[in-house]
Amino acid sequence: MGETRLSAACTVQVLLFASLRDRAGWSSRPFTLSAHTLCTPQAIWQLLDLGAWPGGVRVAVNQSFVAADHPLNDGDELAFLPPFTGG
Amino acid sequence: MGETRLSAACTVQVLLFASLRDRAGWSSRPFTLSAHTLCTPQAIWQLLDLGAWPGGVRVAVNQSFVAADHPLNDGDELAFLPPFTGG
Amino acid sequence: METSWRFFLLSREAEGMTSAHDAVQVAIHSQPFSATDQLDRWLQRAGSAAAATAVFMGHVRPETMDGAPLEALELSHYPGLCERLLLSFTQQQLSDHGVQSALVLHRVGRLSPGDLIVLVAVSGDRRGPVQRCCSDLLELLKHEAPFWKREWSGGVGTWLGANTPL
Amino acid sequence: METSWRFFLLSREAEGMTSAHDAVQVAIHSQPFSATDQLDRWLQRAGSAAAATAVFMGHVRPETMDGAPLEALELSHYPGLCERLLLSFTQQQLSDHGVQSALVLHRVGRLSPGDLIVLVAVSGDRRGPVQRCCSDLLELLKHEAPFWKREWSGGVGTWLGANTPL
């Protein structure tokens, strides 16, 4: 499976919320990883230029929570979510 | 103090509530203890002909909770209260 | 009937009993009342709403404790003592939990299934204390205030010996 | 502004989101709403009122976490995921606590001090379970649902890093 992923480019739509959105200056953008990089939320994060992986941030892929090393598929919706403060 | 009470007759207004009221058939009545009996809720209870002192019944004198052997004064309002079931 | 009248009259006198400061509002109602109307009025009176408000409403069940269809629930109280205890419990609870205000309303009289029996609302700055205060106040109303319930079913009235378990 | 619009439009779509059976009503509101109106409607819809109902209401504080005067509280969410999580939490909690029905309403958008943020109501047969269910649901809304608050004070907006303590 890992090899399959390494052999194709991966484009995902990245969503940012709240403080992350303000820091980046955008809310939704496509990002593409080359065919030679394993496509995970952590790898995409490196492309965002938002510094080290921030503590407390959760990841959702296609609106389900996943781990930071979850394998992504081309066309996925990937959201980075700062700590929740609702209620 | 006990001697003072023993030397005078004691009349109190007895109030009954809920199941006690139904058992007795009345809600409010004066009762008098002779000068030779210590005037307490327990002693008054004997006059009511409602059987042995019932478990869970609370006593209020002049609308304050008291113990069953609380000394009564002439003219007091004495209430016998079955277990509470409000709320 | 005579007894019932005495209760109703005393209950009416007690309606709207309010402590020195408006933080505590306690009343015994002898007629049906709307929980949301009362709540709305109380929240408005508080001016700017506190950050956290916990509410409990108790309604008459359609069945007796034994599972028979309930015709009516009769609620009586010890007028005077009951109102004073409610006020005193409420003030003590506000102080113990460090919360700002409370509304405590309780029905007496003959109630039908679905009718509101009790409304407790507590407001303050933090959600934990207001929820605990509301819950503690409800237990005091159930176990420490002179109210009595009689269930009517098949034309027979039965005084309850104890409350429903928590 | 574009971002805000997207949020508001999605939020409107989500309003009134209701699960297959009417026991659970979950909605995210982008405009102010009355807690007592909503509560009243929900209680009426339930037909005969359940014996026990616990409610929690959260309103905007007049001050920031740091004690400065608050101009506005901005609330955003992750549309879609947020509504689905709320529905799923609520159904799970009803089942876990063995209670009958729940109403969960949450504001997003720009709120003023005193505005309602959240309303949680839980109805069932026993007072203990409905109170615990209401409290647990509130904690899930605070810690497990993708909502974010930004405080505005002196023209400066600050995203909150964590919720108020319980």
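The letters A, B, C and D name the chains in turn, as written, and every chain counts its residues from 1.
Here, a contact is a pair of C-beta atoms (placed from the backbone, for glycine too) under 8 Å apart; a residue touches a chain by one contact, two chains touch by 3 or more.
Given the structure is predicted, the values throughout are model-derived calculations rather than measurements.
Enquirer: In the chain contact graph, what is the shortest path length, in steps, from chain A to chain C?
Expert: Each step joins two touching chains, and the minimum needed here is 2.
Enquirer: Quick one: chain C and chain D, Cα centre-to-centre, how many Å?
Expert: The answer is 26 Å.
Enquirer: Averaging only over C-alpha atoms, locate the centres of chain B and chain D and give their separation in whole Å.
Expert: Here chain B and chain D have centroids separated by 53 Å.
Enquirer: How many angstrom between the C-alpha centroids of chain B and chain A?
Expert: About 77 Å separates the centre of chain A from that of chain B.
Enquirer: Find every residue in chain D that makes contact with two or more other chains and list them.
Expert: Each of 58, 138 in chain D touches at least two other chains.
Enquirer: Would you mind listing the residues of chain B that make contact with two or more other chains?
Expert: Residue numbers touching two or more other chains: none in chain B.
Enquirer: Once the touch criterion is applied, which pairs of chains come out as touching?
Expert: Touching chain pairs, listed by label, come out as A-D, B-C, C-D.
Enquirer: Under the stated contact criterion, what part of chain C meets chain B in this complex?
Expert: Residues 3, 6, 58, 75-78, 80-81, 84, 106, 117-118, 138-139, 141-150, 159-163.
Enquirer: Chain D touches which residues of chain A in the complex?
Expert: Against chain D, the touching part of chain A is residues 15, 17-19, 21-22, 27, 60, 63-64, 79, 81-87.
Enquirer: Mind listing the chain C positions that touch chain D in their complex?
Expert: Residues 34-37, 39-40, 43, 48-62, 113-114, 116, 125-128, 131, 134-135, 138, 164-166 of chain C touch chain D in their complex.
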